[in-house]
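Both complexes shown next keep chain A, but they swap its partner, so chain B is in the first and chain C is in the second.
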Partner chain A sequence: MNLLKKIFFIDFIKGLSLTFKYNVSRTITMRYPDEEKWLPYQRFRGLHTLNRDSQGRELCVACELCAKVCPTQCITVIPMEDVGTDLKSVPRGISDRIAKVYEINLVRCLFCGFCEDACPTTAIRMGRDYELACFTLDCAIADKKKLLTPRDIPAEFEGGFVVKAKFIRNDEGIKVKPDLSKKKRWW
Partner chain B sequence: MGNEFVGDKPRRYITQNSELITIFIMATVKINGKEITVEDGTLILDAARQAGFEIPTFCYQARLSRLGSCRMCLVEIAGQKKLQPSCVTPVLHGMEIFTQNETVKTARASMLEFLLANHPLDCPTCDKGGECELQDLTFKYGPRQSPFAERKRRFHEKDEILSPVIVKNHNRCIHCERCVRICDEAVGAKALGGIGRGAMLKETSFLNKELDCDHCGNCIEVCPVGSFMSLPYRYKSRPWDLVETDTVCPFCATGCQLTIGTRNGSVLRVRSKIETGINKETLCARGRFGYDFIQSEKRLTKPMAKKNGRLTECSWEEAISQAKNKLSSAKKIAGIASARLTNEELYLFQKLMRNVFRTNNIDSGSRWTDKRTTDALINACNLSEGGTSIFEALKADLIFIIGSSISDENPITDYLIRTTAADKRKNLILAYPRRIKLDSSATISLKHTPGSEDIVISGILNALQNQAVKTDGSQVSESDIATIAQRMKTASTISIFLGTDSLRFANGKEMLLGIANLAKALKASGKNIKVMPLLDRCNQRGAWDMGVHPSFLPGYKKTNSDGMDCTGILEASSKGEMDAIYIIGEDIVSMYPDAKFAKEALSKAGFIIVQDMFLTETAKMADIVLPGASYAEKEGTWTNQEGRLQRLRRALQPIKAAREDLSILSSIGGFEYKSARDVFEEIRKEAPGYQDISFDSLNNTGVLVKGHGAEKQGSRGQGVKGSSETKINPSNPRTLEPSNPYLDDYPFLLITGNHLFHSGRLSQKADVLKRLLPESFVEISDKDAAALGIKEGDRVIVKGKHHEAVLRVRVKQGSLKGTAFIPENFEDVPVNCFFKKGEGIPRVKISKQ
Partner chain C sequence: MPDVNTLIEVALIIVKVVIVSMILFSLPLPLTWLERKIAGHIQLRLGPFRVGPHGVLQPLADMIKLMFKEDITPYKADKWLFRLSPIVAMVPAFAVYATIPFGNTVTVPFINKEISLHIADMNVGILYVLAIGGITVYGIMLGGWASNSKYALLGGIRASAQMVSYEIALTFSCVGVVMIANSLSLVDIVHTQKGAILGILPNWNIFYQPLGFIIFLIAALAETNRIPFDLPEDEGTLAAGYHVEYSGMRFAFFMLTEYLAMVTVSVLSVILFFGGWNSPPLVPETLNNLIPPIFWFIGKVAVFIYFFMWLRFTLPRYRYDQLMTIGWKILLPLSLLNILITGLLLI
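Let's turn to the complex of A and B:
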């Protein structure tokens, strides 16, 4: 039996068959960042977003609770009174107290998500962007404008799979833009 | 009773035989099992706190009257079915009290639940969040949940703006009425009250209209929740972001403790702390809201030197070396320093002038005319004998205030006196021509002709000595004088408060001599007398203590040869005799009572160095301008009017290239002091009254300066020599006989002083204060207004012999006929233009525009 196995290279064939099987099965290498990208689950804690309500008003009332709770003190909020609100125009925020300055120092942030928990208006949420590399330290400060800009991956979008993506490199840094309609199973 | 001790507080009983007996009783009570003996009549709350048990409160505040409305302080008393509010219930001997058992705890939680039932709990947008008593107590004692599902009470959606400094959210009010009581009992403005009933009660202004009050913001400070809020601080920060620095108010010599809150190097607010300083949480508008001058755009940030007739920016080295050269090469020089500088700076200033530049020509302040008058004030108030606590002074049976618009000049002293005078056994006697807020608390208020204070005083003195009283020329009735003398006779302790009018009026010296004599006479009859000055500049007393005076060295030691006072300096300068004048922080052109003379005099000076925060009228005439620092930017000490030494602490670095005045003085003099502490060590050696005080141990209460031990007689300047005579001659030549005011050419006597919202010209740079009162005004009595057919708010022409101005009228009910008042603070209405040197109180004519 042992001799037969040896003559016909049985173990060798067994081994090779596994190799050949993988040779023809679906590839599992994620071509990140050039062609594909992993979309995290909704519970993922990536770059923060500041949100608006259905009427487009800023939800943040600049209460500074996020800044207070932050263990690395990387959030700076300076409130102000939104004096421009009259009855005719749509006010900027849900209250007349809004943030004059809202900044997160991403170099210090440890993505614990405490800010999200502390926020009384669900204004701040951890988003799903994780490509945070950039060329200067300045761009590691996420300001209010950046945080309020809608993201590629909306909060309702379910995650946990790979999608087709495009790799973009420019002066600001690198970015991998996902195409949410081209969903691919990973594995 | 069984257990009687001797206490401090007398209890008077009438026995069956109608005898009055006085006994002192102590009561022993058991609190949570711990026995404690307190004076009978102590509140359970105080007894429990003494015993070390905490009881939460909302409506109780030690300085306010008792209300007992919030029921947070409920305690259980053995044998009583219902819980009792400990803030209004006194102890009884043998009581057994529980402050932390289950019943009490449940009651507290329920009280909080009731309060929260109608509370919006919009903490995220509430400026009080983080320092809110309701938040704190809810976290500590609260129910943590509420079954209340009904709609909450809601008065409004948007906060109401009640004044340029106050914004109100009625939804958050918990009806503790602290605001109403502080406004009533301490401030005396009576601007607030409740509208509505029950849950719909609204603590607000009359008819809920915009407040026309003192804008002191004390309602904001005492409000435990975010109902009263400060408008300048609205939505600026959270309390935990602020770096707070305890320091002293720069706007008057009351010397209130305040706390500056800064964030990232900008001043965001000033607040006061409960039970801290002599002001005990109260401040006035200028102290609380006048902070924005510190970072005003108009601050000087770079040294300037005159080149080709124009001030141009230059380097510090250049400016200092030029100043040094000019001062050392000049033959005749003089220096005038503001009484707003710190003791250390003033000390160094006089050292520089005396030891380096060899002159005694130094003075502090320029609003007054005559050094002999200041000498007389120093003598009348015994300033060289150390400080007197105002609280000691207020214990007196009789308080006599003369020559001060105290409610405007020293608002917190006014609050303290008002609170004390609520005790009806006290006599409060006020003598001031205009009607002021404190008049409503006074037993007698005299309205005398401005400048006739000496007649009033000598009248009282004569009445005390049972001599004939003559009050001609003062418009005061002889019977009033007799009553005052009578009250003085029956009082055993008397405190006299002396205002700065004595330094403003031409007859000030006579008035001050009179006061000295009155005090002497009263003392001779066995009474306990205290004489305290009421000063308008925060460190005026310190300036004199430090020897910034032509005839005193630090500690009131006599100089070998007297120098010139401010008037003397200007006179010499007008003759072209002054080669160089060094002026720090004093705007002589705007403040000296004869603007034209001051300006002309300075224009003839050889060289002028001005060190100031702003480009004042005087600074514009300077050859060199050095940018100095504000009170928030320096370390040092101030001595307030009581003689209380208090510590300033630095909250910020001097703005841009401005420097601390101490370091500028050091560079000019080549001194090597590293800090204010070093200079203070030297002051301790030079001024004996400061000897025992250590710079570092100065806390929020400050320390009363001790006597300087300077020899009493002969050291006080010539003007006082005559003070050994007990009588003064009331028949001075009077230009102020009450003639028919409406027939004269210039029927009104013009008096000036600080407005409640302002202090000199400094507060003019504070935009918030400017918003409270945008323009100057002339105030006349209702009788004059009626006679002239003028209404409040009309525009009138105020015409004096040397100047005229168009102003709005304010009508004051109860002021003396024939007096007009214009605040000295407004840049666009320089009242000192109405004055002419040597003419005394100016007279003006008022007519409709």
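Let's turn to the complex of A and C:
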């Protein structure tokens, strides 16, 4: 039996068929910055967002709880009163107290998520952006304007997929813009 | 003053030589790419992907890199031999192609002349190929000796021992084919493989000489220093074997030799056992007239090249004593047995 196996190269053929199977199967390499991108799950803790309510008012009331709970003290909140300017216009926040300055130092932030746990109005939430590299240190400080802009990936979008993406490189840094329509499981 | 016809013949031969050597010089570029791609896909990777679409320009980038690399000659190395040996290894690899027939005769437009697709139809073609192919090992040995390095020397010694052992089995496995064809000329060997057995199977020597083919394939693998017999450049124990001290273009010459050797054994197995440029018999006549015979030749060679690369990423390396055992105790008696059986059947 052993001799027959040797004469007809049974083991060799077994090995060759296995490698051929792998040769024609799909590769596990993700072409990450160029063509594909992995979208994180909803529970992922990436770049923070400041949310608005359905009428477009800022949810943040500048209570400074996030700044207090932050273990690296990377959040700076300076509150201000938001009354008396114009009563007819839509107020900017949900109460008469909003943040004058809201800054997160992303270099120091360790993305623990304590700030979103502490927030009483669910204003601050961790988003799903994880490409935070850039050329200068200016962009490492996320100000209120940056935090209030809506993100590419909506909060209700379920993650854990690989999608087609486009690699964009400009002066501010690099971004990989996902195309949410085509989802694909990655192994 | 020779007459015009002789001059045209000479010019044609020169043109053929130039074209063949140009093709052979550029052949390692796609082959390195292919090898890395196959390696990648077998290991579930992608292989080179960044330079050009699907990384096809990667070998060009590598070539530029190799050209600009510093050409180091080791201290206390035998300088003259060190510089000579890549050339000694490379020239025979090219010289082999003087007698390889790539296809039947073709009529070239404009000059309306029948041209045979081989440089020379020697009547001892197969002998010439095996003899010249065997010279390559001198380059490897000299390179290993001249480098003044233990690893290179061991690689060179291993190469010489391996070549001596497997050259015998390789040559004997070709004898069966020669006996069937009644000729040593490669063109004649291909011509005898025309037609079909029972109308279905092609009349190729593989069906008459299965044992001879297996011996030829294994011995050829050893001759080309490829896995599972790549002991001369055993990365695990000898760093890079005989070319450990080489860099830049000299290293590239050794790589070129190695790839050309692989192409040579693919071409030889196609010519000897797979009917050269003959098409398989079940191909319809109209299609056969449309496709030039050289297509079949290149296609078969490509299959063999893929097979060698596939094998490389499947099998581990043999131990040195196993290599010798396979060569002397198994392949040599079997190839003699093959000659005996062929002789008995031909009577």
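One rule holds in what follows: the second predicted complex is superposed on the first by the 182 of 187 C-alpha atoms of A that agree within 3 Å, B and C clash if a C-alpha of one lies under 4 Å from a C-alpha of the other, contacts with A are read in each partner's own complex, and residues count from 1 in each chain.
Note that in this section a contact is a pair of C-beta atoms (placed from the backbone, for glycine too) under 8 Å apart; a residue touches a chain by one contact, two chains touch by 3 or more.
Owing to the predicted nature of the structure, the values given are computational and were not obtained by experimental measurement.
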Partner chain in contact with A:N23 - chain B first, chain C second, else both or neither: second
Quick check for you: in the superposed arrangement, does A:V101 touch first (chain B), second (chain C), both or neither? neither
After the superposition on A, what does A:L110 contact: first (chain B), second (chain C), both or neither? neither
Is A:M80 touching anything from chain B or chain C once the two structures are fitted on A? First, second, both or neither. first
Figure out whether A:F12 sits in contact with chain B (first) or chain C (second), or with both, or with neither. second
So in the superposed three-chain picture, is A:I168 touching just chain B, just chain C, both, or none of them (first/second/both/neither)? neither
Once the shared chain is lined up, is A:A133 touching chain B (first), chain C (second), both, or neither of them? neither
Which chain A residues contact chain B in one complex and chain C in the other? none
Which of the residues in chain A end up touching chain B in this complex? 61-65, 68, 78-81, 95-97, 120-121
Give the list of chain C residues in touch with chain A in this complex. 38, 40-46, 49, 310-311, 313-315
Mind pulling up the chain A residues that touch chain C in the complex? 12, 15-16, 18-20, 22-25, 27-29, 31
Tell me, which parts of chain B touch chain A in their complex? 123-125, 129, 158, 234-238, 240-241
